[in-house]
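Can you read through this structure? Questions will come right after.
When the chains are written out, they are named A, B, C and D in that same order, and each has its own residue count from 1.
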Amino acid sequence: MASTYGKNIRITIFGQSHGPAIGVTMEGLPPGLAVDTDALRAFMARRAPGGSLSTSRKEADEVEFVSGLYRERTCGVPLTALIRNTNIRPQDYENLRLIPRPGHADFTGHVKYAGFEDLSGGGHFSGRLTAPLCVAGALCMQLLEKEKITIGAHIASIGQVCDRMFDPVAVNVNNFTELKKRALPVLDEQQGIKMCAAVEQARAGGNSLGGVIECAAVGLPAGLGDPMMDGLESRISALAFAVPAVKGVEFGSGFAGSALWGSQNNDAFYVQDGHIRTRTNNHGGILGGISSGMPLVFRAAVKPTPSIAHEQESVDLQSMQNVKLCVKGRHDPCIVPRAVPVIEAVAAVALYDAWLEQKKYR
Amino acid sequence: MASTYGKNIRITIFGQSHGPAIGVTMEGLPPGLAVDTDALRAFMARRAPGGSLSTSRKEADEVEFVSGLYRERTCGVPLTALIRNTNIRPQDYENLRLIPRPGHADFTGHVKYAGFEDLSGGGHFSGRLTAPLCVAGALCMQLLEKEKITIGAHIASIGQVCDRMFDPVAVNVNNFTELKKRALPVLDEQQGIKMCAAVEQARAGGNSLGGVIECAAVGLPAGLGDPMMDGLESRISALAFAVPAVKGVEFGSGFAGSALWGSQNNDAFYVQDGHIRTRTNNHGGILGGISSGMPLVFRAAVKPTPSIAHEQESVDLQSMQNVKLCVKGRHDPCIVPRAVPVIEAVAAVALYDAWLEQKKYR
Amino acid sequence: MASTYGKNIRITIFGQSHGPAIGVTMEGLPPGLAVDTDALRAFMARRAPGGSLSTSRKEADEVEFVSGLYRERTCGVPLTALIRNTNIRPQDYENLRLIPRPGHADFTGHVKYAGFEDLSGGGHFSGRLTAPLCVAGALCMQLLEKEKITIGAHIASIGQVCDRMFDPVAVNVNNFTELKKRALPVLDEQQGIKMCAAVEQARAGGNSLGGVIECAAVGLPAGLGDPMMDGLESRISALAFAVPAVKGVEFGSGFAGSALWGSQNNDAFYVQDGHIRTRTNNHGGILGGISSGMPLVFRAAVKPTPSIAHEQESVDLQSMQNVKLCVKGRHDPCIVPRAVPVIEAVAAVALYDAWLEQKKYR
Amino acid sequence: MASTYGKNIRITIFGQSHGPAIGVTMEGLPPGLAVDTDALRAFMARRAPGGSLSTSRKEADEVEFVSGLYRERTCGVPLTALIRNTNIRPQDYENLRLIPRPGHADFTGHVKYAGFEDLSGGGHFSGRLTAPLCVAGALCMQLLEKEKITIGAHIASIGQVCDRMFDPVAVNVNNFTELKKRALPVLDEQQGIKMCAAVEQARAGGNSLGGVIECAAVGLPAGLGDPMMDGLESRISALAFAVPAVKGVEFGSGFAGSALWGSQNNDAFYVQDGHIRTRTNNHGGILGGISSGMPLVFRAAVKPTPSIAHEQESVDLQSMQNVKLCVKGRHDPCIVPRAVPVIEAVAAVALYDAWLEQKKYR
């Protein structure tokens, strides 16, 4: 059907990029949360366009809560947050209705919605729809932080420039604090400089770049998640792949781990200060779909932004002729930096959903 | 919660590895399907142990349909398939209750279920639970084949030995037919021989190997799937990660694609014989969560089987002391070959669910 | 959890009576529906306050579609309709926070939401939340009418004054057209006059009245609905009881039928003009949860409005002392007339959901 | 779709009356419940045929748990209970395939399942499917009793013979204990004798009777349930209407209450021993969908068993001619007594689901 996620906390995202508004409804929020609007605004700002690496479309992205709050606290009933679309230029997309942009959902949306689709700026498929996801993520993060669970992410790579990876055993909240202070969320600032250069090169060439985002959650107790289809990997990936441009997700040692011996990939248990830990963390904090108490670590692959200034081959859907296409409009040469908080939001929503689940059995 | 998947077709998997039976209930099957039991048996046989690369636990895996059939056809109400567990040796696992095996769900299951867990042979977390998933997959595959949609998979790698990949533009049903004839489902038989050697080496060393499975679906019309959380990537990954040992999933160019330029990764549209196709298929047949009509291609990373004969470090959960552990029991040195039909089953269930979805709007 | 309904069409209702806005998100709408805003406005007007029998709170109830439309047609993605709350007087409810009104959700909401509840004007429990339900119902009704399915309802009783009932075999669209023309939707206008008198008497006495609404759907094909929990009775009642003040739902001969002999209550089948019909319709158009093709008929019991001007006994939640309570504010002496389109909306949403379900198997 | 209920505890019922087996899968059960098999057997016995008022079909109804138990306790994963069908006589139903029985789902099932339906003995629509519902109910009841929540029901009427009703303010666990001791669960044994006479009269005349069942739950804390579609009325009615033959459900004063003045129907709050109670209980223990702490009281109307020995009018579906039908087979002249534990099971499953829901927010 559509745009709903979660079993205990449920989020429904609505809106089109160039429609009146986008937003999210969250059901299952506990009553009594005093929404930290400064933290929310700071979180949203990390996703917002405006950095030197991003699109020139500026959106204030002011969040209006039309439901679910009372005296600035959650009151237990569905919460709806609205973000008005203010900087709308649908005319930029008029001529695209008949000529689908390569790498976008124009063609598939056209087929699915039988010609009635709104694809201005990507419509409901737009990366802009990650703004309400970030609202949901920010609220879940505030709830998780009350439980001492913290989430952070960094750019693992842009194009062929790689950051170093989180230490999967030792990653901690200090890493996250540090990352949030930086202009570009990378562990190795030298690599960050190279990433910026690569993005500038892409922009200059009318081209684009993708990358990988690595995300970690620390402070998770053991025992969150469920077997099989409600395992943490299933829960997180189902939401991560909802983020436009994500084409791969892996946990712990992931694809690389599949090339190891069992004796290399297994993580030995040991006791430390009365807690059970593992010496390595190839399992990425998840065994059998359930958290082990070690840091949860996953990576999401983000494809290069499909909007590029090059002339591309496409098709006129009306005449069914091959044509050349030049895409106008305002676009990011690389959305990876802005996607970092989005991936954190994914983790926050998925983990808070799993957190509520286990509360039923305590 | 647990072990249910799907919105239009819904499957619920139950059972423990060493309990009385395992099985699956499927809701939403159309009435009138004459179940092809030979095809089902052949499909199950591909997953069953018994090949030279697998465990010595033999299970007949006879499927009994206790509900949902009438005169050998589906009658529209919930279908339940049972597989009795016949070769049960729970005593092999008695001493494991207090000493969790590295890489298994013993520890996380223990925490989650508060000491009441059944972890004999992995319990509900066992790879054995993929047998009922294969029943569901086989039935969905029979339904998809009526729509000219076919699914196939091969071993993309075992350890460090790689098969060549599907041609994502040209992969077709002949590839699948060929693969199913082979002892080991690989495109390059020379590489298959090397894989066998690698597995034998692992077995001899009391060790294990993982690998990658590549799966494709051909004949899909454009327009299946939904935006955001019900996109085909979300639908497939949520079920793929339910398969024990899967730690990564990628679509199309996936992680590798994230290192390309947009101009390289975008797939140009063109018209061929009145159909819209793309010249390359880095998008893996999915744009905006919706099928493009090109082959759907994804890969799943399978970690090395955690059961190895090596002495490993673990913890006594009662005394909370570090201990050494030697795991007995019958285990596969490499489950990748047996997981190939399981991944096909994942694709079949997810795609048939999406197929039913779009029928509502035709 | 909360405020979501449906499997194929899914509606999520949000908002509080005296918050910024109320609204509904609908997922699963087919693309291409040209929303008939005149019909929508006319439908909403039937629920809106303002008639001689209703509250003096006036709300324009202007519906803004912030998502889901493109060029005035549904575009296939989630549709969100907002209604701003304009005539807000939360101060009327301030003193009620500690003294729950008998018959309202004040006390139960207070316990559930632990003191964080918004109960101004009933908050999320308010009858005002039926306005977005009517938006959803109106759209579903437009979709059903394309399939020649029509829904209508009348006031079966107010207090002890009864209208005559629909003829369950012969009820048809002309009955509905007639009802919509009348100031009060009753079949017997003489009884309508008595109902008005009874309501006036209640208002004069600072008292209130309830009643029963009878609803029918005609033009339904046989075969809609599902066995057991997805039967039409379950689908309709689950949504009907979501309407504040509904305390009973019955189908066909309902409670009265339970006192008959089987030979009286069974409806004989016969063939008429090549169609199978029943001579009587005690089954209310539903057998085994599935539509029979005969008119679907059900009744909903609406309790008397709990807001009355009498002094009532209650409790001070802080001091835990018995107190006397006089409720101020603007209230309907009888909400039954305004609830008529709401019950029609319930039927429309439930039946359109079932309609989509069966399309999967055609 | 089909035969699934619940959000926190989820039950899926499968099987056909004359297929190999019927059963239920329950997801979301907490680990560690030692199933009281004696209590389960006693509960099932109340539903089983064999009393003087019921069918001559005898079924042992032995429950086999094939999944979800370990060492006789729930282990946290899906629990599946099977009941083999042993006394199968499908030949009794062969000639019914083309001539639908009035009052049964034969015709609607035939249309829905396009001729592939299994309607032997009602197939999946059979009252026999309430046996697995009772298994689920019995387990939920055991879990609720740990929380001091108890459920009981009595026959409120059979045909035109009425029992007295529960005192909605004072009903308590002693009433339930007393009821379970009696051959017929009625409060007034004199009326029970008249009911038996009425049923015998029906049997003698080849006819049948329906009735009303009244059910109460005591010990419920205030605060269970949710607003709107997840209110307790919606939750309970959705499952109650899944029980074959139920055609009406009302809570508290229900239909009769709709004829009262607000001043009569409102229930005054007062403090007793530090607890908030209401002096009357017309609200049936539910306000705004949420429990008030007063006894929860509802009634379900059960239609007369449609199987009667009279000659009836029907239609030959093949020739489309009117025909006369005489139904053979073994049938209850009145299923109301056997439906009493089924309605208790409905309440138990619905309330335990709501109980788990609120635990998430404690």
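In this text, a residue touches a chain if its C-beta (ideal position, glycine included) is under 8 Å from a C-beta of that chain, and two chains touch if they have at least 3 such contacts.
Worth saying up front: this structure is predicted, and the values here are computed from it rather than measured.
Novice: If you apply the touch rule, which chains end up adjacent to both chain A and chain C?
Specialist: The shared contacts of chain A and chain C, listed by label, come to B, D.
Novice: Would you mind checking which chain's C-alpha centre is most distant from the centre of chain A?
Specialist: D
Novice: For the pairs A-D and A-B, output the one whose chains share more C-beta pairs in contact.
Specialist: A-B is joined by more C-beta pairs in contact.
Novice: When the C-alpha atoms of chain B and chain D are each averaged to a single point, how far apart are the two points in Å?
Specialist: Distance between chain centres: 39 Å.
Novice: What is the distance in Å between the mean C-alpha positions of chain A and chain B?
Specialist: About 26 Å, centre to centre.
Novice: If you average the CA atoms of chain A and of chain D, how many Å lie between those two points?
Specialist: 46
Novice: Got the chain A residues that touch at least 2 other chains?
Specialist: 1-4, 7-8, 13, 28, 31, 76-77, 112, 114, 124, 227, 357, 361
Novice: So in the complex, which bits of chain D are touching chain B?
Specialist: The touching residues are 1-4, 8, 10, 12-16, 19-23, 25, 27-28, 31-32, 64-71, 73-80, 82, 112-118, 120, 123-124.
Novice: In the complex of these two chains, what residues of chain D are touching chain A?
Specialist: Going through chain D, the ones touching chain A are 7-8, 28, 30-31, 76-77, 227, 356-357, 359-362.
Novice: Across the complex, what residues on chain A touch chain B?
Specialist: 1-5, 7, 13, 100, 102-105, 107-109, 111-112, 114, 124-125, 129, 157, 159-160, 202, 207-212, 222-223, 225-231, 233-235, 237-239, 241-242, 244, 246-255, 257-271, 274, 276, 278-279, 282-284, 286-293, 301-308, 310, 312-315, 317, 320-322, 357-358, 361
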